[in-house]
Structure formats: C-alpha cells, structure tokens
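Quick notes on the structure that follows.
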Amino acid sequence: GAGLPVFHSADGQFSFKPRGRILSDVGTTFGSDHDARNITTTGMRSLRLGFEGGVGTHLFYQLEAELGQSKVQIMAASLGWRDNISAKTSFDVQAGNLFNDRSFDGSTGSDSTPFMERSVVADAIAPERGYFGMGAMGRLYFPAGHLAVTVTGDTVDADHTQSDSRTAMARLHLNPLRSDRGLLHVAAWGFDEALNGASRTITPSTFVDTRFNGALRVQSGALTGATGTTGYGFELGGYQGPVWFMAEGGERRARLDGGRPDFRTRAYSISAGWFVTGELPPYNPRVGSFGRPHVHAPVFDGGPGAIELTTRYEQVSFRNLPDPADGWSETLGANWYLNSFTRIQLNAVYWSVTDALPAYAGTDKGETLAARFGVTF
Amino acid sequence: GAGLPVFHSADGQFSFKPRGRILSDVGTTFGSDHDARNITTTGMRSLRLGFEGGVGTHLFYQLEAELGQSKVQIMAASLGWRDNISAKTSFDVQAGNLFNDRSFDGSTGSDSTPFMERSVVADAIAPERGYFGMGAMGRLYFPAGHLAVTVTGDTVDADHTQSDSRTAMARLHLNPLRSDRGLLHVAAWGFDEALNGASRTITPSTFVDTRFNGALRVQSGALTGATGTTGYGFELGGYQGPVWFMAEGGERRARLDGGRPDFRTRAYSISAGWFVTGELPPYNPRVGSFGRPHVHAPVFDGGPGAIELTTRYEQVSFRNLPDPADGWSETLGANWYLNSFTRIQLNAVYWSVTDALPAYAGTDKGETLAARFGVTF
Amino acid sequence: GAGLPVFHSADGQFSFKPRGRILSDVGTTFGSDHDARNITTTGMRSLRLGFEGGVGTHLFYQLEAELGQSKVQIMAASLGWRDNISAKTSFDVQAGNLFNDRSFDGSTGSDSTPFMERSVVADAIAPERGYFGMGAMGRLYFPAGHLAVTVTGDTVDADHTQSDSRTAMARLHLNPLRSDRGLLHVAAWGFDEALNGASRTITPSTFVDTRFNGALRVQSGALTGATGTTGYGFELGGYQGPVWFMAEGGERRARLDGGRPDFRTRAYSISAGWFVTGELPPYNPRVGSFGRPHVHAPVFDGGPGAIELTTRYEQVSFRNLPDPADGWSETLGANWYLNSFTRIQLNAVYWSVTDALPAYAGTDKGETLAARFGVTF
C-alpha cells in the first residue's frame, strides 16, 4: 500500500516493504425464518502481516500471512522475475504460493473489493483448492490488456503423503476502448483441476454477502468421488468518469465417478458504483482488477474523503446433486474512503436462500446489515 | 516500546513502528503433597510481534500477534481516532480487538506487570471472553484521571455460527492527590456480560503465580448453563518517591439457569514495591496503570540498571458451586531493569490451594521459584 | 541476511533487523514398487519471519517464527549477552528457545545447507525434542575453534502439566590447519536426554532427501517406555580453494524400560562440493558451519552468479526394535546462487529404504528429483 515506507539496503540493490491490513467487521441478520440465522457477530475479515520487495530490478518477492480467522494461513508467498520484452510489452514469472488470476472480483484484493464480500462468481466458480495454490504463473502485459497462465498443485499448507491436485488456469483481459476518463473491460478465464486424495470429497458452500454469519450459506451436503473440476467465466465492465459497472458470470462442472452426472454450479453478478465525490474508479488496467482509489481531498488533510455508492445483484445455483441449493442477494452499499488506504464500508443485503438440506430446507429470506473499518499498508 | 525507531512515509503523514516482546520463563515447584505439582518447566510467557502507527494526527492503529503458547492469538488489533476537546481534555475511540481497561494489574501490559503473573483480581474477576474482545471503546482523558467505556462481542478468533456474547465494561480512575514525586490512585470498574452458546459452559480456573505449572491451579469443575456474568472491583494505590503500594479487590457473579444460586468469585491482592536505585515507579497517569520505568543508569551505559523489590499477598475463592476452591499466595520478588525495556524478574511464591476436585482434594501448600528474562521493543 | 537494512534507534543504542526466508519446493518420485510413493508434491520448506538486534554492544536478541508447514512454530527466540575475554577469545550466553549446536549439517541453517535436506546424521542422531529447546547455552570462541554447552528443557510449544524433558549437549570444533584459501575442520559433539511423560513414546523416522514425499521415510513403529537418549558424533572436513569435503557420523542409543536392549540408531554421511565459478565455500570458522557464499559476479550485476556442484552418500539404520529399518541415498546436486542470498537448488536422489513395517515391508528403491527456489533476508 501507499502508506508504508520502502526500505533499501545500503547498496540500493535490495528493497523491503512491510505490508499489512486490518479489516474489522460487525454484522447482524434479521428476518430469517430460522432463529439460528438471526444473529449478530463480530469478526476480523483480515489481519494480514507480510512484506514485499525486490533484489535489483528483475527479482521480486512477497510473503503474507493471514491471522484473521482462528489460524495462520499463508497467502501470497512467492519469488518472481520480471523484464521488458519491448517498449510496450513486459512479462513476469513467479513461483511459490500464488493468488489466482481468475474473475474480476476474485482477482481484486480483499482490501479493495467494492463490497464487503466478493461476488458468488469469484467464490463459487473456483478450484477446490481455493484462491491460492503452490506453483508457477507467467503473465504477459501489453498495452490493451494482459494474459496470465498458471499451473499449481495444492495450497502451501496441504498434506504431503499423496500427490497434489493439479490446476491449470488462464485469464485474458482486454481494454478495447480507453480514454482519459473512461474504459471498457472484457475478459475471459477458465481453469481445469484434477483432484486427488482427500480433495475428492467436495462440500459445495458459498455465502451471500457476509462470511461472519456461519449459519447463512448456500450449501449442499458433501459429495464424494469427485475426480476433477472445470470452470470458466466472462467479465464485461468499465467506467466513465466516476461511475463504473461490472457484470460477471461463470459455470463450474465437477466430474464425479461412477457415471454420475457432473455437479454443476452457475453464478452471475451485476454490480455498479458511483464516486459521489468525483474520483475515478480505482481500475488497474495492468492486471484488470480494482485497487485503491486516489482520494481528491483526504480527511487527514481536512477534506471530506471519497464517498462511493454501490449496488449488486448476484445469483448462484448448485445443481445435479442430492441436495441442490440456490441463493440470490441484492446489496446496497456505501464506501467512505478517509484516504486512499483507510475505508469504512456499509452493506445492506436482502438475501434469499433455497436449500435441500434438512436443517434449513425450503426457501428462506432475510436481511443482513454489516459494517467494516479497514486500513491497508 | 522506546527501543525501536518509528518510520514515516515520505509525506510525513503515515507512521509505522514495529513492536515486539520476548518473555522467557523457567520455574520450579516443590513442597506440594502431589508429585504431579512438583515439576520444573520452561515456557515463553510472551513472544509477540506486531506494529502500531498513525495516519495524520488523529487516526491510529495497532496489530499484535502472540506466538508464545502453542498457537497464534491475535491480541490488540484496532483502528482508532483521537482528538482534543479542550486544552486539558481529550478523547479517543477505537474499534477492533481491544484489550480490557479493567483492574490495575489487568490494564497493565504483560511486559510491565511488577510480578511475573498478574494478580488473581485481574485474572479471575474477568469476563469469560478473557482480556480481549471485538468491539468499540471510547476513552475520555482529563487532568485528574480517565474514563473508559467498552462494548464488545467475542474475541477475534471465536465461532461465527451463533451470536457473540456481549460485554459492557467501564473503568474510572482518578488521581485526587498528585505532586512531582508522589500520587494517589483510586479507581472503580465493572462489567456485565451476556453469555451465548458454547460460552455458557464455564470452567473456573486461575493460577497463583506461575502459569507454567499446568498442574497448579485454583480450579473447579465445568459449570453448564451460565447465562451471564457481572463483576466489579476497586483499586487504591499510589507512590511516594521510589515506593509504591496497590490494593485491588473485586467480586464476580455468574448467573446460572435452573434457579441455581450465582457462582461467586471473590479476589483481592495487596502489593508493594521499592525501587532501591531511586527511580520513580512507572505509573502512567493518563491510563492509570504501570508502564516501563525510566532507568537512571542503564547497564548499557555502564551503570547498575534499576533494582526493584516487590511483595504481594493475594487471595481468591470460588463459591456456590459443586466443587468450591480457594487459593492464596505470598510472593517476594526482585526486578532488575538493565534499561527501560530489558528486565530480569525473580519471584518466590509460597502458595496454598484448597480444592474440592478429586484429583487434588483438600489443602495443598508449596513453593514456586520462577525467573524471567524479558525484552520489549 | 545481508539483504536487509539494519535499523537503529535515535540514540544508536538499539538495533533491529527484520529477517525472513522463503524456500519454495517442488519434487517428484518415481521407480518405487509402491504407487503411494511415486507422487509429485509442492511445499514450502520454510517461510520464516522474524527479527534480530541488539541493545548496546553486549545484549542481543532474536525471534523467528516458521510458517511453512501447516502451523506456526517458534524457532530461535532468545536473549543473550556477549563479551570479550581477551583480544582473541570471546563468549556469549543465551537464554530462550535455542537452535542446537550439534553436527555440521545440523548446525547449518536451512537456507544454507548444501543439499535440499540435511543429512541423516543431523536428522536422526538428535534429541527427541528436535532441533530446538528452551534453556540456556554458553559458547566460547577462540582462534582455533569454539565450544558450545547447552542445557534445555522441551521446546517452546510443549505441554506445561509435567516436568520438561532435560537435554545436556556440547560441541567442540577445531580448525587445526588454516590458510587464506583452505582449512581443516574437526569436531565432536554429544548429548544426553532424560525423557519425561509423553516424550517417552518415540517414533523413529527420518527422510532420505525429500521431506515433501510424506510416504517416503525410513521409519519404525512407535516405541513406548523410552527413558532417555544418548547420542554423539564426529565431523571431519575442510576446503581447499573452491572444493570442500565433509564426513559426519554418529550413533544414538535410546534407553528403554523393562530391561529391553537400547534402541540404536547409526548414521553417517559423506559429501563434497565444488564452486565451479571459483568462490570459496561459505565456511564460517567462528561457529564451524556453513553460511552463505560471497558471490563474485551476482546475476543482478550482470554476472553469472555462483554455481556449485555437490554430491552426497548417506546411510542410516534403526536397530534393536521390533520393526528395524535402513536407508541409504546418493544425491547429485547443483546450486545456482543468483547472489549471496538468492539460490536455486536441484537435487537428484537415488534412494533405497528397507522397512519392517507391513505397509512398506522389504527393500524399495527409487529416484527423487527435487528443486527449490529460495531467498533469505
């Protein structure tokens, strides 16, 4: 983040920058038919500590540990090499524990997503191994977009008594139109995953807008005998002045043994935002995702900060399995950026979940109000 | 701590300071009637890593992780805002995982307590959720003292499938007399906690002076069906020149369902210290607790450092439950401060524990010798 | 490491240096008779974060946490004091969680070992408590070598309801011959350990060159009733110009109750390396182990970096127990040092394991190829 200083070694060749984020949440749910869902909870969405840096101009590294949810998880932990190919194109290759380049929301950091939680597309059209995997990634950057290709095994914390699962993944984003104050974004991505060992039991589950209500999930029972998953998605969005728009959709098929039909997940989301205070949306054209905004008049300089109003509709369905499930939600939100790396978020979600599992069978509707105070370094 | 440099961003608006502490213990117990208590153990009282800083003059943040006892626990993790009300009064508000402002010993950091362990008042007259909770705290500072009001849910690492427990807490400290070399401290505090879900089973337990003898506890069997706790306490202390004195006492009542009488805990402690080398006690009049002393002649400058002799008597009782328990201890201690943030501590404890649990039924007495080497950044 | 800057407090008395390492592995095994061993896995050999520093010229401290293998483990966490005895001799004493000074490979940091894994001598002729223990260590440094004496209890994360196990350990290394470009190294070491409580059940296991194949171990069934272990070893090695050689061997006896014969482990390893690019081996004559090399022409300055070719033969046997086991391996390796703290390692291992356990009974042979990309700060 912009907040922290970068340290250099005496010879200038080595750089080192601490990184961190504190995202502190509170949320309450009401209106559900099930008392167990009408709860109020606090939680740390992210407590992250780490560092990044480089050696010379080509080698770069990063290491981040997430402390926020009851245990330590390694997030990005990688070493990479970057270079220019020509005046306008460049590349990098990385090895280590890598963050997926997959979907618009899924490629945006947890401290930069316009809503408190990523969309169901990012969350449900994903490999079983989740947002991170150990392996190698190559990315090519050109004036109109970028292409990322990744091959990974399991995450860093996984079992070593059997072969890793294998995931191949790619994403291509293009900006066919681009002006000083506006831009069109189109992208496509996909992945294919061969499952191994314990990963062959999958438990479909996603949340419709707040992770800190553990009783409120779109979920199915455990599925054994999954041999692999294949997923893909499309993105269409852009911004003109302070207003942005993003539509994402995707499908995932999990192959099951014994001649059973594929378990199928479909998800889409449509979202939009408006910086009332006039800032441009924090779109990063290099990697095709959101970053942090440049705030015109930060609160710390006596200004009002930046204010963004947001809305999202999203839908997800789990099909072709004994316990199908559906969910959709409509979110209204407001983001108040005190400066470029300090933010207060409010989300009001109207959600509907239809479940085949006995505990919450049938359709249930309700509202969730949630707030977050976050700082990123 | 004073030891580490503070880093600033290029524009001076962002500050960042690493924090840490290493508190390394060894202890031995003898004289108990139970062989299982006559043991010798080593342990890390605290291995803490974190950072603190600010953005502009008003926003401040901190994040600390404790690595010392078999797992990672998030300690303070918060964002806050501070401002002046007038020339002499100021306030701050914080949100996140917050350290209790409760009891004198309980409000003092683990690297600054005059004895190796906090008193039974701090440890037993406490909410079930412990020393930390997720929520919000407001504090008002005025020339004669300060007032803190806190509302929290569970700790950061807690379960999210049910509503958090709720704790409201307040503490008021006053310094009615104050001179250049002396001061009187009076304070009162209380809390009320509504318990929820798994928190409704409580297991009363506290230690009489060394946490690293796991077999030596004042403890009762598990109590189910607790619906809430209420506690309060009073503090009276002060210092004149290098000699300080502190008395604390409190009571906690845990409400039980089924018409059972409240489970009642009472505790008090009386302690005193003398800086043989003439330093003033490290009392912080802003928040009414101990910090680190200003050592006149640090060892690293060729001086003797600061030497403090301490003594404490403390007593705790668990009543109105199937397995009542009592304990008291008398501690003699010495603290050698090499400089303001490096300290060697020795504690000799004579303890007596009366237990109704079968394993250690009856009254048992013995001695514990313990030593700590600590550095704080 | 050399890479990171050292921070000093304003008065110059306090220093602070972040430390870290990222060692990222991938490996594949083939040729085994057991399909479960022919697997391909990724893993983080080390993800380490910490800091070290000093107060004044005598006091030093360090704290390191290892995040790489599914949980947080405290590694070195200690406070120490160092001073000169005369112009040529000096000493230090440390308290806290201490890294063994034991065997050549075992005393070398995981980021500096010439092979991807330490030898079976370092790994199998070791106390049950492993590479670290809480306690105190004194070291004496003189022109011809050093002597280290350590007394420790359990590791920092261990149980506190019973007395720690106790380990006494010593190592003496000498450099009887020494010139500008060459040196002879001889050393002897030993330890004696009294086991307590849960530590009395021991499960002999070591790996022959890749930890990230969890199915490939030299191992025996669990042994109960071990009361203590005694081990010793010898080292003979040295270098002349860019070529080094090291032979290590040792034996450990675990005493068993009930009049059973000692469980006996024997291990030896012979290894050699050649810096093709002419660097001297990174032998540290102060502590008698390897560090990081001084690379003549780092890649980041446009040079080729340093290239080292290595080879090792090692053998280990577990004897006098119901399920004896043996293993040996021959490794060919190459290390490419981009600069002094960035390294790519390749190891090709031909291994043979003879097991009495039912799952892998009999002799099995195969090959493992493994690679590592590592950076140390």
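By letter and in written order, the chains are A, B and C; residue numbering begins at 1 in each of them.
We take it that contacts are C-beta pairs under 8 Å (C-beta built on N, C-alpha and C of every residue); 3 or more make two chains touch, one makes a residue touch a chain.
Please read all numbers here as calculations on a predicted model, not as lab measurements.
A.B. asks: Could you label the subunit A-subunit C interface same or different, taking same to mean over half of its residue numbers are used by both chains?
C.D. replies: different
A.B. asks: Tell me the angle, as a multiple of 5 degrees, of the rotation that maps subunit B onto subunit C over the C-alpha atoms.
C.D. replies: Rotation angle, to the nearest 5: 120 degrees.
A.B. asks: Mind checking the centre-to-centre distance between subunit A and subunit C? Centres are C-alpha means, answer in whole Å.
C.D. replies: The mean C-alpha positions of subunit A and subunit C differ by 39 Å.
A.B. asks: If I count partner chains per residue in subunit C, which residues reach a count of at least 2?
C.D. replies: Expected reply: 18, 49, 71-72.
A.B. asks: Can you name the residues of subunit A that touch subunit C in the complex?
C.D. replies: Residue positions touching the partner: 7-10, 13-14, 16, 18, 49-51, 55-59, 61, 63, 65, 71-72, 74, 77-79, 95-97, 134-135, 152-154, 156-157, 159-164.
A.B. asks: Can you tell me which positions in subunit C touch subunit A when the two form their complex?
C.D. replies: My answer: residues 2-5, 18, 20, 22, 24, 26, 36, 39-44, 47, 49, 67-72, 211-215, 299-301, 338-339, 341-342, 373-375, 377.
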